[in-house]
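Next come two complexes, and both contain chain A; in the first it sits with chain B, in the second with chain C.
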Partner chain A sequence: MNKFIPFAIFCAISSALYVGLSLNPSNIPSELINDPVPEFALSEVGSDIASFSSETIATEEDVIIMNFFASWCAPCYVEHPFLMELKNRGYKIYGVAYKDRARNITRFLEEQGNPYDHVGADENGRVGIEFGVYGMPETYIIKNGIIKYKHIGPILEMQFEDEFIPILESARR
Partner chain B sequence: MIVELGHFALILACLLSFIQGTFPLYGALKNRGRLMSLSAPAAYGQFFFVAISFFALMYAFIVSDFSVVNVARNSHTLKPLLYKISATWGSHEGSILFWAFVLALYGAMVAYFGRRLPKSFHVTVLAVQAMVGFGFYLFLLLTSNPFERVFPFPMEGNGLNPLLQDPGLAFHPPLLYMGYVGLSVTFSFAVGALIEGRVDAAWARWVRPWTLLAWCFLTAGLSLGSWWAYYELGWGGWWFWDPVENAAFMPWLVATGLLHSAIVVEKRDTLKAWTILLAIIAFSFSLLGTFIVRSGVLTSVHAFATDPERGVFILAFLFLVIGGSLLLFAMRADRLQAGGLFAPVSRESMLVINNLLLSVAALVVLFGTLYPLLRDALTGDKITVGPPFFNMAFGFLMIPLLLVMGLGPSTNWKRADLVGLLGRLKFIMLAALFATIVIFYIADGGEIMAAVWLGLGLWLLLSTLFEWAERVKLFKPGSIARIFRQPRASMGMSFGHLGLAIAVIGISGTSYWNIEHQDIMRYGDSASIGGYEVTFRDTDGIVGPNYTAVKAIFDISRDGKAVTTLEPEARVYMTPPMPTTEAAILSTLSADLFVVIGEANNKEHTEWAVRLYYKPLQIWLWAGVAIMVLGGLISLSDRRFRMGAPTRGYK
Partner chain C sequence: MRIIATVICFFAMSSAALAVGVDEGRLADPAQEARAQGLMKQLRCLVCQNESIVDSNAALAKDLRMIVRERITLGESDEQVLDFMTSRYGDWVLLKPPFEGATIVLWFSPLILLLIGFYVIYHNLKRQKIVATAEPLSADEQTRLKKLLADGDDR
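This part shows the complex of A and B:
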């Protein structure tokens, strides 16, 4: 047996690991990219008034951001300031309150600020299933009812200016 | 103040590890007695300071000192004391500090218990141990300082992931780390032997207790983690082939192989290079496990701390330690002359087969764990390798392993008679076959693989008992005395194999005969599962120290007689806000009944999603693993490993 074989195998594994370090494991491709949004209709949190639906989204001329969130989701608290920043920059954000009660959502938005133009209540999580939501939070960039981009997990500082804003802007064009 | 003291002590421990890793080693090479005598005191001092450091951090957690970043991120004043303490090793920084602490603890133990070892060898082993420790101290001080302060400090902490707030998980990481890090001793012994260029029976005898100790901790840690997943995650599974589980399982497989090959080195003075290689690989898997958990290179439900920069540091460190030792192995392995020869059918051959199968199994698990990463790196495809791959590939390797395990202990050293052996054991085979058929008949059939695993489990159970009965000459005069006069190592082996047999039987039951029942239930509704009648009585709101919960009450009856009530909970923790399930389990020798309450299905909260699982022989799995650990401990108490036993054959 050649005594260098274990060393060679180890070198191969560690170079693969090195490459792996630069990959983002939460970057999971979505089947929905460049497809129209799944059909859904939501009512505004805490009421029976229609909020927004796949139809109203399809009529939007400008790019919109659709954000699944919940008051029970810890990373959503981390993400929240970035959504506020997006609102300040004039983007339209639709929120989907995933599996959460109206009372908790209202309190969450009172405490943290409300970046959303509409907040639809997805209390039983059906819309989440339609979108194939992996985990909270999840963010979609939509133009003319077509999904352009999907981000799983919170939008964080390092991605915000370098990744998220450019994608938003290129989708807008 | 105490926090700064901890930080300072950590720096001192780092410096001492550097001293311990260099000067005495130079002294050993140049034969300078005074330099060599630095070694043991440095090991004790290093342990003393890292212990101060570790307990300083624990103190910061206990008093909730949120000016420490690590405490603010991972603790909360409302958390029960036990979880404040366990949060010390629950965070990334804390767990690495704990790793360094255990490493130094083992170093001090080697310094003390190994004091009768030949001086230069003792010094070399301690130097290797210290060099590994030095890497961890640097990692802590440069990239993951647990004592970092923050100003202005927050009034309240972020809390700890509620899934981790569980007694099972408070103790699971320490046990696992004792196992992981315990393999460092074996590693240091192996590298020391390569540096000195000699391996013999005495070497194997020194290494074995450390391997056994690490193996016992690993086994206990793994099973505690598995048990936690079983009752806390609430879907009734106990093993998921998750990358982090695999990371702990691979060193276990290799350590198990190492335990067996070290016997061959000790008794027959052969398989030396192989044993050294296994010792290096076992610890390499421990380090790789740390890398996988701490770098975020793989997606996993366990990836509690992920940070690419730390990943690069750990990878560089891995490359130095593992790459260096494998290179040393490549250059020095030829010096390790094989001793005793053996025939193709012999105890040695059986142990070689055991080693090959366990190593290939570890490779299969490694491949399955890293394959998605390799694919992603080479082609950009995102795939996952799931349980079907592991169950098939791993299971396929375990079938011959369990068959050979039944034969091995009854086989003679050097040369054995296969025909005679099979003749002696043929009644055992027939009995296992017959028992399998009977159980299949009682269970009213099942999948063919269920029969295979049940049959293998019974075969191992019966053949282990048979070998034991032959060895103690059961039913002949004096057999009672002989039972207790067996060498502890042999007793340990019997227990270890028996435990595995029982666990395999349990696995076949819970994997192939389980029943699952999901339903929306109203108050008063009943469901029947596995002969039990489960009636949904009521729900109740409760408030815990840092959570609120819905408690459901189920009346369980069997054949019209009330058995017990089960009260599963659906909890919502406050900080961080997160829902968890607390399953309620009725365990009996024949099966577990497992009840989980989900969400309310209507606004009035009178209809609830309920999941029921019936898991036959589940408790056999836990009992089997416990017996395996017991076997390891019995073997550890063998008198030839006891301190002060003569160390003949070296120098």
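This part shows the complex of A and C:
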């Protein structure tokens, strides 16, 4: 019997380490899930016109997608076709151009297509910090002003139908 | 020569300890800046993950350093500044995890492992003692032992 105790401890430690190793260290869980969106107000890219804010988001009836992106961010180009697809399927997408110049954003959207209903300019990255953004791109699913889900990194093809769309649909209900 | 090597080693090892967030927007009040630096050392850079925001060159780390300074200028306490960070980035942003329900295992596991180690050592020592205090030989066995030893001498 006593012989099995060290073996059991070994099994417990190795399975804990196995689980630990299989986690993705860059996926830091968001603190803001099921919390109201942090207060912010953005102006439309290249102008002083108000774009969208925490208040206008809270008045939206349907689920909305809030996507932080930048023209300098390579993974954003990978993700872009899927944002276009989301637009085609009728989802409302708000873009936040993170630390980017108006000229570059405009060119990016002309070249790649514009899936966004609004594009707010977060020139100094402060809105990003309010949301706990730490890399580009990041995508939030928001319903009635409450953050339902945070997707870190680009939305990849293999995640799109199997992960992202089901989460989006369940947030809609 | 050895002295030079020692000095080089000394500087190489101490550079991390002496590191300060070198930014343009440092606070004019040295006491406030020192407080800000102390807080920055406790905050993890989310991009590089194993560095504090003081040590990191990442743009986000720089932004977070400036936020720490801003909050201190606004007159917030150390706790309020750390709360601001954890409410956005979670406990993960703290290099030293807080002492609470979910992290109790994390804090006590080294102690538990140490105690298990002591128990194993104690257990093994006790078993050795039992072997050492084996029963003395009976009279029969004594004579047999003497005979066997004597036989050995003959060879």
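Quick note on the criterion: the second predicted complex is superposed on the first by the 146 of 173 C-alpha atoms of A that agree within 3 Å, B and C clash if a C-alpha of one lies under 4 Å from a C-alpha of the other, contacts with A are read in each partner's own complex, and residues count from 1 in each chain.
Definition applied: a contact is a pair of C-beta atoms (placed from the backbone, for glycine too) under 8 Å apart; a residue touches a chain by one contact, two chains touch by 3 or more.
Worth saying up front: this structure is predicted, and the values here are computed from it rather than measured.
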item	value
Partner chain in contact with A:Trp72 - chain B first, chain C second, else both or neither	first
Chain B versus chain C as contact partner of A:Gly132, first or second or both or neither	second
Per-residue contact with chain A, leading partner among chain C and chain B	B
Contacts of A:Gly113 with chain B and chain C, given as first, second, both or neither	neither
Contacts of A:Cys11 with chain B and chain C, given as first, second, both or neither	first
Shared contact residues on chain A - chain B and chain C	25-26, 28-29, 99
Touch list for chain A against partner chain C, complex	9, 25-26, 28-32, 38, 99, 124-126, 129-132, 134-135
Complex contact set, residues of chain A against chain B	3-4, 6-7, 10-11, 13-14, 16-23, 25-29, 71-74, 77, 99
Sites on chain B touched by chain A in the complex	158, 273, 277, 280-281, 284, 291, 295-299, 303, 306, 308, 311-312, 315, 318-319, 322-323, 326-327, 329-331, 333-334, 366, 370, 373-374, 376-377, 382, 572, 576-579, 599
Interfacial residue positions of chain C with respect to chain A in the complex	46-47, 49, 59-60, 63-64, 67, 86-90, 92, 116
